[in-house]
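Below are two complexes that have subunit A in common, paired first with subunit B and then with subunit C.
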Partner chain A sequence: MVATSEVLAFVVSLGTLYSIYVILSSSMELVYGELGLPDFAKAAFFAVGAFAAGALSVRLGAALAGIAWEGEFKLRSYYYATLVSAKVAENPLMGLVIFVVPLLVAVPCAVLLGVLASYPALRLREDYLAITLIAFSEIVRVVARNYEPLVGGTFGAGVVDVFAWLRSPWRELAMMLTSALFAFGAWLLLYRLSRSPFGRVLRAVRDDEVAAAAYGVDVARVRAWAMALGSGMAAVAGVLYAFYIGSVNPDDFTVSRTFLVVLMVTVGGRGNPKSPPLGAAVYLALDRALLFAKRFLPVPFDVNYVAYAALGVLLILFVMKKPEGLAPERPLLTVDAEATEGVTSRT
Partner chain B sequence: MLDLLVGALVYSNLLALMAVGLSLALITCRVSNFAHGDFAMVGVYVAYTLSVVAGLTPYAWIPAAFAFGGLVSLLAYLLVFEPLRERTDLVTLMVVSMALDMVLRYSLHVYADLMQQWLRVYTRLFMFDDFLVEAAGSRLPGVLPASTAVVAALLASLYVLLYKTRVGVAMRAAIENPGLAEALGVSVRRVFALSWFLSGALAATAGVFLPFRIMVSPDTGWSMLLPTFAAVTVGGIGSLGGSVLGAYLIGFSETVLAYQLAQVGISTAYRPLLTFAAIIVTLLVYPRGLSGLWSGKGWSLRRRS
Partner chain C sequence: MTSDDLLFLAKNVSKSFGGLVALDKVTVAVPEGALTLMIGPNGSGKTTFLQVACGVLKPDSGALLFAGRNVTGLPPYARFRLGIVTTFQIPRLFPSLSVLENVLLAAQKVRESPLSLLSSRKGERDLVERAFEVLKLLSLDRVWDKPARALSGGQMKLLELARALVSEPKLLLLDEPLAGVNPALAGEIMQFLSKVRREKGVAMLLVEHRLDIALKHADYVYVLHHGRVISEGSPEAVVEDPLVAKAYLGE
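Showing the complex of A and B:
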């Protein structure tokens, strides 16, 4: 018999993760789905958010609480994270500051990097661009992994529990609601943008860059804007992820993470703003279903491996059998070509 | 110092085989194949399994790895890339190859779990025993002459195949202009299938040499992949000769630079940064790569349509 509280904890945890993935895939849909720019450095922008939380939350918390720091960051960050969390338990305002400051640092950093990353797109064919961004993403990961003062290198970094002032079920619920709020905001932004003139410009650039430029669209500017927005969103997701997990590990931000987000957008339907919530739901449902299967199937190997292989198969099947995804992109509402022909031939 | 040279040469040999294979996938189906590293790992596990079951050194099982790796790659072409070849865009092809990477890599993980229980051997972080050869008064690891000989033989055979046989003419024609070749009676499908077989076979062969130098697990393929991309990019995307040249350039500069870093007290863990930077700088500054310098002449195949 499973206790109600266990089910609740499972749902709340899943809800938080779902919200984070909705933000990430919304940002991917904006840049890759609508604009057609393969932003395969998404894991790096996600990491910028997580690293900001990992590098700042404990240090800032210790400074605010007046705790003197001793020893190396990589060895002591988890210990001080616990100390600071205890202080946050008595002072919710401090938790708020520790939550907001990483956001305020991460988002501008990611926006700047995003704008920078949009420039190679002017020169490179799209597949070379994707490889360039993957190389960039790996540079960020390898540096974070080896430069220990940032987030402790392979040791990782502890992150303060900013909701420590609440008691157990409420604490997780607060985390979920915060994430859900951000997720809804990110998705709404994507949805409104997609339906706005800006969204039409994005798709025009995607479908024919030269034609869009001929109509007076400043392609470089549009790309810079979209990358700035997309990267900023990914950084928000990264900050939330760090606070949700409670620690940061550079090896969590590999190209596989980017691939998962691309998978969500592709399965959901590229070019349709409904794809992020749909794709993220499909991914998490499959992932959790396989974890449940693990309990009942006594197989002589780790079921997680099967889960990943199954995700790969899922994506290949979608591209081959249903490339438009679960929610196909809706064509623009324009005047029917035959109707206009009728009018012109009558005159 | 000798160790450094041996390391650089063996590493470059492996990269050369990998890079030529990756180039074959790129020039036939224009796939930036992210599953290419996994073909190498297929080779590793084939040679490892056979040498545990049937004895003999893993070197003896290179032909088996060659065949099996080629077969996996051929299946990938026939089941996935051939149906998608003319139907989808370059980025989607790349995403599909990433999905294939997931499928192969985690299938290998499952296989490694099963093999561990079946044969009672370590199936992750293992190495192969090498023999030593006496040369010029010092002892060298056998993988140096072995890999050099195999690389030279395979690249020479590939050259003969492409330039001295009818199949080679058909292959080059199909690569440069698939539509025209098809119209002239070349079965593009069959010729590309052969290219993909060779692509995987070369990667799997490179894989067999890997555990003589470093400890491997199914994820090692990924860490070989970006250096391979760097070799192909620096050499000039689409050029087989350029890929070989790029492989030796990347292999040597990576090894030597890592050594230099260690001398000045910087962790060698930063070593991959060189290859990543090489990809970015080449693509941004001179995207045609080394082969752009002699474009159109020599061993350079490019799709012209």
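Showing the complex of A and C:
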């Protein structure tokens, strides 16, 4: 029986992480795949969600449970997270509030930041823009790392277990189902947008910005909209991630996380809304396989580097040999096939 | 010609690229519903003028008036929405979109809000109908589902034209739409443009080298040379002008 429950725990944990990556890569596909804007600040928008959960869940929980706070946040947040979780165990509604409030704070913040970040896109060439966004992403991380009241700086912050009112396999299962629900919502939004007249506008801007502008598209507004949506989605993923891990550490949101998401979209197929679920699956399968294989690799350095190198090689291979990805982009069709058939048959 | 029926006026428009003066105080007027032809040797500034007119390029000085309104500072998308629509001499299509989608983009009214998600299927179908009318006319209907990048050079030029026609312009700026199109089709297209102008009252500013086809449809002609208007007038008057012959012969 031990074996079964271990397998179950593994699958549930993987399912949660998969859902979070589907949200992140859906947001990357929208902004980078469909619109062609290299949103290399994705980790920062993801972090906004996680930081909101890290900064708010324990404080809010303590306030709701009437626990008086003593000591510095960075030293005590883990302790109070345990206390609040114990209260949530008796009061599911409190868990719900502690889950929803960070979402309500994080999403508008990320949307606003996303819109702001879309403005340099008007003036900068693609490569300079990518560098600017990477710098922006690092600034967000470094500020969080050094401003301890936010999420405890390098100490990190404890996060309340909002499903503490459930018992063990159910608790993790609830986390997974919640994440899966959000992932499905995010992906469906991407899919519907991609197949709508708005998707057509996104690809037109990506294909030829000047021609799009000459044909009535306000490129600045399109970028602002896409960045708003994409960043909001990433923030949702960040909130889920914080509650899944149970703590938040600023150094978990480096640029390399952005590149994992770029990898997923590239492998899946940039420009095809099927790329996020596909690419996230490929990445996680590979990541877990490497995790397993690493134990048997006798290398004279940190075995983690083997995984980084392997993923890097995979990205290069795809970019060089199969740039269209596993699911290549298809021309879109915003009207059902019969509608066009009706017209074409008369020709 | 009274000033009431003037649709578009470019006044003393100048534009330089570094040291090269591409347009030097060019003044061009396009009356409502007229077909105005612009000719000139290679490199005389015709394309530059059209791009300034549609807003893709900013003039260094001068003013642009459209329907009595100063549009000099307006970005291209705003001019498009007023009814100024241009085609590109070297096609600038959306290569990964299908032929149909290229045309639909120019026809759709909702452009940058994701709220267009809620726009009705019916609306899209009407657009498809309209798009096919134009595609059929330019014999592009057979390739409607091909990505634009898969078209031949001639087809790309036709798609440029289709995209412009479907957007229901008030002023159509056409940059050598007949180049690379076979003579029979070129004649048909010119006939059709004339018809659109007559029936819908669309004013056109046409840049074209193929005078044999274009000249007889023109109401008024401007001749550009080294960025200056060296001659203007009725088609008959302009072809007779010795200055024009000299410019073309390169003396």
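Everything that follows uses one rule, which is that the second predicted complex is superposed on the first by the 320 of 347 C-alpha atoms of A that agree within 3 Å, B and C clash if a C-alpha of one lies under 4 Å from a C-alpha of the other, contacts with A are read in each partner's own complex, and residues count from 1 in each chain.
Basically, a contact is a pair of C-beta atoms (placed from the backbone, for glycine too) under 8 Å apart; a residue touches a chain by one contact, two chains touch by 3 or more.
This one's a predicted model, so the numbers in the text were calculated from it and none came from an experiment.
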| item | value |
| --- | --- |
| Subunit B versus subunit C as contact partner of A:Phe198, first or second or both or neither | second |
| Subunit B versus subunit C as contact partner of A:Gly66, first or second or both or neither | neither |
| First, second, both or neither for A:Pro298, with subunit B first and subunit C second | neither |
| Partner chain in contact with A:Ala135 - subunit B first, subunit C second, else both or neither | first |
| Residues of subunit A that touch subunit C when the two form their complex | 192-193, 196-198, 200-201, 203-204, 206-208, 210-219, 221-222, 225, 229, 271, 329, 331-336, 339-340, 343-344, 347 |
| Residue ranges of subunit B touching subunit A (in the complex, touch as defined) | 30, 32, 80, 83-84, 88-96, 98-103, 105-107, 109-110, 113-114, 117, 226, 229, 233, 237, 267, 269-270, 272-273, 276-277, 279-280, 283-284, 287 |
| Contact set on subunit C toward subunit A in their complex | 54-56, 75-77, 80-81, 85-86, 88, 92-98, 100-101, 104-106, 108, 110-114, 116-117, 119, 121, 124-125, 128-129, 132, 136, 141-142, 144-145, 147, 163, 167 |
| Contact footprint of subunit B on subunit A as seen in their complex | 38, 120, 123-128, 130-132, 134-136, 138-139, 142-143, 145-146, 255-256, 259, 262-263, 266, 300-302, 305-306, 308-309, 311-313, 315-316, 319-320, 323 |
